[in-house]
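Each of the next two complexes has subunit A plus one more chain, namely subunit B in the first and subunit C in the second.
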Partner chain A sequence: MALAQVLLNGLLLGGIYACIGAGFSIVWGVVNIINILHGSFIVLGAYGAFFAHQHLGLHPFMAMLPLAGLGYLLGQGLQRHLIRHVMAAKVLVTLTLTFGLNLLLNNLMIYAFSADFRKVVLPNQEPLVLAGLTLPMDRLLSMLAAAGVVLATHLLVTRTMLGRSIVAVRMDPQAATLMGVDVDRTFAITFGLGTALAIVAGAILSPIFPISPTAADSYLGKAFIVCVLGGLGSLPGVLAGGIVLGLVESLGAFYLGPDHSLTLSFGLLLLFLLLRPQGLLGRKGFE
Partner chain B sequence: MKLRILTALLSLSLLAGTAGAQAVIRIGAPLPMTGGLSPEGQRLKQGHDLWAETVNKAGGILVGRNRHKVEMVYADYQSNTPRAVQLADKLITQDKVDYIFSPFGSGATKAVSAVTEKNEVPNIAATASSVEVFNQGHKYIFGLFTPNDSLTEPLAELARARLPAGARVAVLARNDLFPSALAAELEKSARKRGFQLVYNEKYAIGAMDHSGTLVQVKAARPDWLVVTGYTNDVILVRKQMQDAGLSAALVTMVIGPSYREFTESIGALAEGVTSAVWWHPVARYTGQDVFGSTEKYVAAFRQKYGTDPDYANAVGSLAGSVLQAAIEKAGTTERKAVRDQLARMNLNTFFGPVAFDANGMVNSYVPPVFQIQGGRSVVVYPASIATGTLK
Partner chain C sequence: MSKRIFIAQPLRATLMLLLCLALAVVAATGGSYWLRLASTAAMYVVLASSWNIVGGFTGYPSFATAAFFGLGAYVAAIAQTRGLPMAASWVAAGLFTAACAFALGLALLRLKGHYFAVGSLVVAEVLREIMAAGGTLTGGGMGLNLPLLSMAPQAIGRLYLAAFAVLAVASVLLSWAVLRSRFGAGLACIEQNEDAAVMLGVNTTLYKSAALALSALLAGLAGAVYANWINYIDPGDVFNVLLSVKPIVMALLGGIGTLTGPVIGAVGLVGLEEIVTRSFLDLTGVVLGLAVVALVLFLPHGVNGLAFMGRSLKGRQP
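Here is the complex of A and B:
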């Protein structure tokens, strides 16, 4: 029974991790930028949801849509005006740029919101008890919302002209240019999309995790692992990677003790990097 | 002629300048204003600032017959201990401060105490609770927090009064210096009272999920569940306890619940949680210090910052009160004389009575145990300052 509960918890956690990793994966996979800003964007989204809830009484799932729009504009502007200039440089340069921007954004958030912890407090949601298993409602809803967002993005990428151009740019930017795809524009749109996904993740997580600028690093760490496990740029991969990570951490905490669940997830990361660098569902050559 | 007047004026203003400089007592405080510890750094700074402002409004510190104004000189060590040591050195040797208020926490305080000792500068350590900071034979450091076991003993005593003999205790601790030291003390306090330790594990710093852990804790069926960690940890654990359907007759969380974010972030789930902390705004002490009493201190803080002070704010102000009392008693700002008065101190303050043991660690007050009842903190121990009873 305990094992079933642990597996269930792992699944729910996995959905949340997938949500954290989605935007990071798409930016890394397509634009080839390791976006250190990602964790801070998630925190920014969580603050957006927090203030929308506090001042306007909006449920985070409602606030998430307008926030996504703002996030898109922010990301697209950033790519067009700043990051574009170093796109041709080595990956270390873009890494350094986003690292610096992250320090800036993170300290601005500490300055504006202070580093005190806050949380969106929704009316008490008692966990559902089914056949001896407890099912936390807010986590369940967040997991469903996360899966919905990831699937919607997957459809966008696979079913629309815009999505096709994103995939084309990811496979071969030069060939895409020759076929008439505006690569610069696609990069900007993708970065905007990645940022919007991070902001949405923040809103979805705001009723679950305490909100503070200091949480940004742990989000970034999880996003990184989820991407490596699932495969870069692959949205179904993000879902798979998130769920594997959630299950491994839950089982690890249960069997080996809570101190080792992080050890286990980083061990898994190393193992994947060595043996299957393209991830669970990634394609070889795009790792 | 013109030149001579100018020179006279100039020297006059210089004289006035030096006279002014003499009347100022400068206190250096290396604090973590940015980085991971910035919330704590900001809290201490608020406390120091409130004290300095209050003293200056009253005319300054009385030294012999003159009043000297106070000036705080802050330096941001970015939550990086080696930098705190450098800055303490710079504050003493270049900025020529008269005294030092320590950085945050036991680790950085211990590191900085070597610098203040070498330069023979009185150092008031507001937030160091590890005995190891004070047993190095240093003469110039004075700590305002009682040792860690002074927090766990009253908690265990209350648990014994409440729970059946041989009750089952589960301890879940953050794998970090202070939280795991607290857990170790708690384990001792619990065993001493014949409790049965049914679960005792540590979780990693930065853990984002406790669901797997809590399934195990639930299976251990504890009567008393103790969780140590910082605000974000205990918020998350309390929330996930609900998710897991886990409850216990007595739930204790240290050190997070003393911050108002705890109750604000989890609402009704905070109900009934007990915790211990060195100082709480609902305590009722009267003092001979510049603030007069706990109530007046809380009112002054609320007026300046718009919120209730927590223990980190208060101990920041206490550092000032204690130094002030020592200078006034010594009648001079001379460091050695001030140090001797600190060692001999016996002062009632808004924070509680302050006297130091031979190592320079405070040993004169009992940290209050409090419980969240109806969304507010109620002190349930010690009886002398209690505002309610354990529910």
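Here is the complex of A and C:
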């Protein structure tokens, strides 16, 4: 029974991790940028939800949509005005640029909001008890919202013209240009989408995780792992990667103690990088 | 190729001499503030040169400097708590880190581009977690205290400055030796086009791993000296991701793949940081972030770019 509960906790956590990794994966897969800013964007979204709740009385899930719009504008502007200039440069240069931007944003958040931990406090909800298993309501709702966001993004990418152009650019930017896709514009839209997803993830986890700029690194680490486990730029892969990570962390904490669960998940990341860099659901040659 | 590496050579040679002179003056007459600043600068000269061997000469975007630095610090600290003398523990730390890096390189250096960058970044995270969960051997999250030297504070400061300075000079000389050797030519080949290097008969796996080991030797030694200098290490401090990123920024600033670039970049960035910290302590991170962004966007070739610009303005194409 204890094992079933651990697995359930892992599944709940996994859905939320998928949402954390989605924006990161799409930016890495399509724009070919490792966005070190991702963790700080998530924290920014969580602060957005926190202040919307405190000052406007909005539930974080209600604040999600307007925050996503702002995040999209922020990301699109960043790509269009800053990152575009180094698109042709080496990996090192783009990584260093997003690292510098992250240093800037993270320290500005510490300066503005202080490093104290905050939390969106919602009215207490009774946990759902099902066949002897306890389902904390807040986690369950956040997990459902997260899965919904990943699904919606998947539909956007697979069912719309915009999504088709994103996939086309991901497969082959040169060929996409020849087919009449505006690659620069698609990059900007994708980066905006990735940022919006990070902000939304922040809003979704604001009721369950403490909010602080210092949490950004750990979110970024999770995004790395989810992305490499699942396969780059693939949204079903992100879901699979998130759930595997959630299960590994829960089981690791249960059997080895919480100290070792992080070591375990990073070890898994290294193993996947070396043995199966295309991830669980990715296709070879797409990495 | 070699002409471009040694561009503006007389100017750079003069700069190096001036830096050595400044170092000697600080070591002889400086107070503890200047001793600390000079030690920090010398330490980063080591780290930036160390990174340059992998990131510059070989062209692999490594974020593993913090991993090697922290590993060196921990090996030295653990060896000393077990009774090994300080100098012997430093040598042991350097050699152990280099050996680990060589083995790691055999696996990790098969990755390229973003994948290598992420893999190398994660090595430090894994080591941090291992050290934090290491119980009494590593002191866990509480870290380890190192034995204090029974000397006057000034004399201790001079001793560590001397140790860092020796390491800094050694790392520049080592880089010079690599650049001039057959080994360095192989690395340059890998940096230009790895497939072509294989066809020319370069044993790329061996060369890349050896470059990583050499880089780790320097970073591990720097970490070991750092552990004694600070007297106390903990996982969050010695595996800090900034220890991986700052050397890259320094090399970018001074010129990647050059001999003197990492030196100039390290001294420049440490100086800039010190000025910023002294004036606005709260905003250090913000200003450092701004500096990195501005550097990447406006000076993608470092101060070398300025030299190129100057030359083309005069109508002489480099």
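A few remarks follow.
Here, the second predicted complex is superposed on the first by the 287 of 287 C-alpha atoms of A that agree within 3 Å, B and C clash if a C-alpha of one lies under 4 Å from a C-alpha of the other, contacts with A are read in each partner's own complex, and residues count from 1 in each chain.
Methods note: a contact is a pair of C-beta atoms (placed from the backbone, for glycine too) under 8 Å apart; a residue touches a chain by one contact, two chains touch by 3 or more.
Bear in mind that the values here come from a model prediction, so they are computed numbers and not experimental data.
Applying the stated contact rule after C-alpha superposition, one finds that A:Ala253 touches subunit B and leaves subunit C untouched. In the superposed pair of complexes, A:Ile110 makes contact with subunit B and with subunit C alike. When the two structures are aligned on the shared chain, A:Pro210 is found in touch with subunit B, with no touch to subunit C.
Of the two partner chains, subunit C is the only one that A:Leu270 touches; subunit B does not reach it.
Using the contact criterion defined above for the overlaid structures, shared-chain residue A:Ala131 touches neither subunit B nor subunit C, since it reaches no partner. Of the two partner chains placed around the shared chain by superposition, subunit C is the only one that A:Ile34 touches, whereas subunit B remains out of contact. Within the superposed three-chain model, A:Met161 lies out of touch with both subunit B and subunit C [touch as defined at top]. Touch criterion met: A:Gln5 reaches subunit B, while subunit C stays clear of it.
Applying the stated contact rule after C-alpha superposition, one finds that A:Leu95 touches subunit C and leaves subunit B untouched. Annotation: subunit A residues 107, 110, 217, 221, 259, 262-263 touch subunit B in one complex and subunit C in the other.
Considering their complex, residues 28, 32, 34, 82, 85-86, 89-93, 95-97, 99-108, 110-111, 217, 221, 224, 228, 259-260, 262-263, 266-267, 269-270, 273-274, 277, 287 of subunit A touch subunit C. Of all residues in subunit C, only 55, 61, 63, 107-108, 110-111, 113-115, 117-119, 121-123, 125-126, 129-130, 132-133, 241, 245, 248-249, 252, 256, 282-286, 288-293, 295-297, 300 touch subunit A in the complex they form.
Against subunit A, the residues of subunit B that register as touching in their complex are 34, 36, 38-39, 42, 172, 175, 201-204, 206-213, 215-216, 219, 231-232, 235-236, 239-240, 242-245, 259, 261, 264-268. By the touch criterion stated above, subunit A contacts subunit B in their complex at residues 2, 5-6, 9-10, 12-13, 107, 110, 114-119, 121, 124, 126-127, 129, 134, 136, 139, 208-210, 212, 214-215, 217-218, 221-222, 246, 249-254, 257-259, 261-263.
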